[in-house]
């Protein structure tokens, strides 16, 4: 069990009260597992990712624990998290395009970063080159400034840098959203390759594109309004989802071959609840065709089948 | 030891005890040492380096033979001047009558300031080594006397090959003169002179200038000068320093000519010049009413804190007191008297017909006058405020305006103004210079130096010319003519005297003593470095100075 | 209805504008009433540039665009432009950036009224707006008077479409209107476009998502580096992509029921690099559109890049 | 790069042309006649000789020619490096006057600008995001930038000069000193230089410190900083990066502010009777000395342009972003 | 002398708007009321402004009238003492405040307007217009403003405070133009601009009705900086005697105090208040500006 998140709750402090962006999230991640984290915008995917490595000043850890490789991650304590970062947990951020200091040559930045973490740069340099090559970049990029690289290149550089110290857990947040299909594919495959080669043990791959996540992830967790809705293997999620939200989501995805004239797809009516003061009970209740009285009570995120968790009273 | 002021005492500096620091004349970096260019030669060029034939001491009212030993009007039209024996230029050449003749011959160049001498001078020749003779078409005695002391003599042997441009447009670096000092050095903010050990007066007059060095400091602002004076870095300041009266009272090391108000000698008269080509300033009654409305005392006590004195109704400087006809002043003079002003106005038909509190002309036109003084001349600006207030108090609508100085000069020259304050003419050997300033005719399109009010009175101008042709030693005749002038002047009031501007001068006794003052035993010379004042005997101040503590 | 002939757009870039960037090169295409034409291509292939040229937001460097027989370039002056916009409207990619964040969202209607329907009475206008909102299936109570951030992307996007419907439009340029939306709201907007098409509107649908292009459009136009490399009835293009580029693009699209490996395998099986256009006599790497089947053209420009 | 420089140089050349032409024009539009102003300082009051002299000097200065001719003459002599003769300080060549004044201005300007920039940036970066420093020391910075140059100058002159007696308050060196390469003179020089320098420095320092503080806060919020922090980079490194990036806009700020700083220097010179361009300009103006005014202006414009150019070049060297923009498009 | 450009440059990073007005207003107000920088800065400026507006009403005679004894230290009757001529320093101070604010308002306002018009036009129109405007901006930028102002000031025969403000405004706009241009460039790429064009809007109303409102907080901050800058420039001009020839201003008071020997005479009451007044106004404006930045920019807010 590489990562074990238990009942994690993280709120954003705002003027008008706490935004309950993560409210009781539990899941675990096995060694070597790539978990796709999907869900609508605002469902708390990024918040979860950030909580595992570095909370920003506005985030407040309310409850829950995170264990990584058996050791507790002090997620709420910025200073105590430092030793874990980069070494144990690492991140390919959503903003990878602007994650590199625009005025430093990439090589120099990497060197300074690595040294500042107490690692001998000379020791990792060959590995760095090897990995760059692996993602299709040559040594030259180290002598370039970020602006001289295309979006896809920067994305790949960040991937290599973030995983340079072979962290146990990698969080990849929307790393492909800004790329077009062919680059998207290359980047996604490279990330999977990193896992295969053992550069990272496990990975949380955040995206809102189910079709994409399904290509590389072992498992998928679908989030809804700050809570996990369903988690299962990719195949199961696509082919036999149990949570009504997941089901509706998947059926609204057009595929090549499906046409408007042929088969009119249906979206999910309504909007997710605001997280400032969410209603009690199942948060999908308002939009759920299956909703019934019991949904006024929060369904547990329960294992409905081996390796298949869902938070729905009707999931069985 | 950073107070620096006096500079290094030993190596690399002028010894403080033997150096006189002056300021107040030079407003920009020393740029030329050309005595002919009398508007901007570096302080001391004339007086310290070049010298005139005579000095005129206005306090004593007498001419002091300087390069000249004596002068004589051989006949009405012929003047002969005899030089001293053994006077040498600082390069060792003798100073001769040829030099004197040459200097005046330079006036044949139209660009030389005294070129107008040739309007009435016929010829100049050297009779012998020491005697020069001048023949006149019209002997303008007063003006000639003025020339003999104000124009310095230049060395012919160095200047004779100079072109007009070299004479009137060259810097004349390394000046060779006959005076008590030699050019030593200059930089952007100072001019340094060193004593001339071979100065002729040491032998001839047993006179020596006390400071070995004179450092004249370029002015930047009054504020800086005050600082330097307080810090003892400057010995003699010829700046108008407001509030200096308090310093003089409170600081024993800072003194001036008088111990009490007005503290300073008078240097010139400030006039209120009405533009007599405009209504209603063309009306003597109106001018008189205006004159009576002005409370000079308020100006003297206000902006000047008693550093100046109100002017005599004739406008003549205290040095010319003898020429003021007291009876006439008694009869026709004016003084601050608002009621009188109002009644003059009423009698002359100036009444407030539209009820705005200000009088209109007898024709019923509103009067709205502007008094201009240059912006930045803060004392005058304050004075202008007071004058406007005073005038308004008697119903004359005057408002003050402060245009830029150069703009004002334009307006003044073109006669495009109502009222302006001016003090162009300085202290001199004769009141003639003042009357020339007031009444000069004909009025031209552009009046640049005289008669800004464009006042036309043939009679006064004739009298002025008569005065010009009166011998300077015939004081009776002079007085008679001047009385005639004053009789008309006081009734016409073409130009209103305001106050006497001071010969601003304050000195520190920290390093030098025996400064001029009105005390019995003190020297009575003009304590100034202003341009053209050395010829008025200011240079003699230097001969009287004594190092402090002796 | 809309015709593009040899439309080209060249940008001057670099210091002094010394370099040329060919954003669009010799594009021919046509949109008929009631037809959805999708423009598909990678980022930078010139899709938006075409859309903007149609909307007269930028001027073509060469070529002609005609709308209902009139040359669009000839539309000059404020009045004529307004008339043009009465017929042709656009909806853009990012619904959030289409709304001025400092004003309420319904200001987009206000602008239309101020420019086109000054004389309409308030009541008549309201009725008109409500009708348009009904068409896009929005509840006026939910959207009127709200600020853009208070509305979802789908709502905003529908507001924009409703805005276009307030005018008597014949042609809609929809530039990536769904890429910023969540999967669940996306389909609603697409369905709406389908409804509009049924009303006889011509739609230029710009996308880089091939599956969406397929879902809604009648004709697919594949752009690559400013050139049309393939053009044809959507079904045909997707079922039998002719140009290698189209094929590669298709194989990279993540699909729910096909993995990338499977897609690759299919691609290999189909003869990876063969260009049917060349096979039909086009000069390899340099031929313009070659008709493969009725209305299905393929161009091959590899040699000229 | 070369193209970029070529373009810049073109812009600078045009700017130079326009600025200098404006300067040629403005004094000539002003009321007031330089020759009359010059001669009226003299003692000779004779109208007739005055008129003759005026005509003579007008011709000497070429002011009797038509304006367009004067303008052409101006450019042709400028091309020969001849700035004409000063009216006020007749007959000194303008170039000479300026050459003796410029060193003083530079002696104040260069160190004050550079040191304040460096120190201000360091201090601002140091103070940023430290609540304590931010709330205590930075207000001081604000007060400093908000202080009129001359006011601070005078306060210093009186406080440290007159009252404390630590420093002389006027002139470039003691009025009794004779310039030379010896210690007494050099220390004299430095002690005179210090107060004007300090007052310029302090005002500018406050400005830079605040600017830096504001800039660096944004940089610390930037995503590359967040990324570094997420990877556990120490604060030192994050700040160092932020500092470097924040300095770049400060560099542009330097170019933008130069005109202002020059103005400040001129005022300071006036307060401390420092014989730089400050007093020259003011007096040249009062005396309608077109030629000196043009010359001084030219010096300043050229100086500012050169400084701007240097900043531009430095900017290109240190900020890779500008370089790629210059090449036209991103890779 | 010139506004602290850097603060504005920093603010360029500002997300064009942090939410819609009604929420923004509420939030901004909330943060504004809790921002000590804004409160203190605003408080000082406000207090001085109020003094400048109200106090002159209670001064019986004009500021230049000789009302009392000469050179008197502060007393119950003359709160700030009197000048060498017996003018009431307090009266001068409050009138001076008024004109100092006026200079700031006129100078800052004109600079803001010119800078914005140039910046908007250059940024929105682009192309040749942009190049030309950029060139003009550059020229004005390198022209040493003070020197030009000195010349301009001398050119005017009589100078009022408003006129001085006008001239200051006309020389201090370039950096605003640059900044506004940059902002406009980025805002003009927003789709709502295209949409407005599609709605048949004309260019000027797009700029002023669509783009400008999005920069309102930024423009406001710019104006504040210009305001302070204009005051300082005016003080510099006044100080060297090229200030207004009519009326009073704080700079003029300083000038008068210095020329009339207030320092030598130890008349601190004449010399200190105007300098302090200027420093207080400008300093508070700057501090206020940083406060505003923190209020408008969510990134800088501290909870």
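Going in written order, the chains are labelled A, B, C, D and E, and every chain counts its residues from 1.
We take it that a residue touches a chain if its C-beta (ideal position, glycine included) is under 8 Å from a C-beta of that chain, and two chains touch if they have at least 3 such contacts.
Everything numeric in this text was worked out from a predicted model, so none of it was measured.
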>> Using only Cα atoms to place each chain's centre, name the chain farthest from subunit C.
In response: B
> Which pair wins on C-beta contacts, A-D or B-E?
Replying inline: A-D
>> Roughly how far is subunit C from subunit E, centre to centre by C-alpha average, rounded to an integer in Å?
In response: 48
> Using the average of all C-alpha atoms in each chain as its centre, how far is it in Å between subunit C and subunit D?
Replying inline: 55
> Just curious, how far off is subunit C from subunit B if you go by their C-alpha centres, in Å?
Replying inline: 89
> Using the touch rule from the top of the page, what residues of subunit B touch 2 or more other chains?
Replying inline: 221, 223, 227, 230, 403-404, 406-407
>> Please output the residue numbers of subunit C that touch at least 2 other chains, ranges allowed.
In response: none
> In subunit E, which residues are in touch with two or more of the other chains?
Replying inline: 154-155, 157, 258, 263
> Inside the complex, what are the residues of subunit D that reach subunit A?
Replying inline: 222-224, 226-234, 236-237, 241, 244-245, 248, 318-321, 324, 330-331
> Contact residues on subunit A for subunit C in the complex?
Replying inline: 40-41, 179-182, 184-185, 188-189, 208-212, 214-215, 238, 248-250, 252-261, 264-268, 271
>> Taking the touch rule as given, give the residues of subunit D at its contact with subunit E in the complex, in rising order.
In response: 11, 14-15, 18-19, 22-23, 26-27, 29-31, 135, 139, 142-143, 145-151, 154-155, 158, 207-208, 210-212, 214-215, 217-218, 221-222, 249-250, 252-253, 256-260, 262-264, 266-267, 270, 281-282, 285-286, 293, 296-297, 300-301, 304-305, 308
> Within the complex, which stretch of subunit E touches subunit D?
Replying inline: 1-2, 4-7, 9-11, 13, 36, 135, 138-139, 141-148, 150-152, 154-155, 157, 174-175, 178, 228, 232-233, 235-236, 239-240, 251, 254, 258, 263, 275, 278-287, 290, 293, 299-300
>> Taking the touch rule as given, give the residues of subunit B at its contact with subunit E in the complex, in rising order.
In response: 221-223, 226-227, 230, 241-244, 246-247, 298, 302-303, 305, 375-376, 378, 382, 385-386, 401-404, 406-407
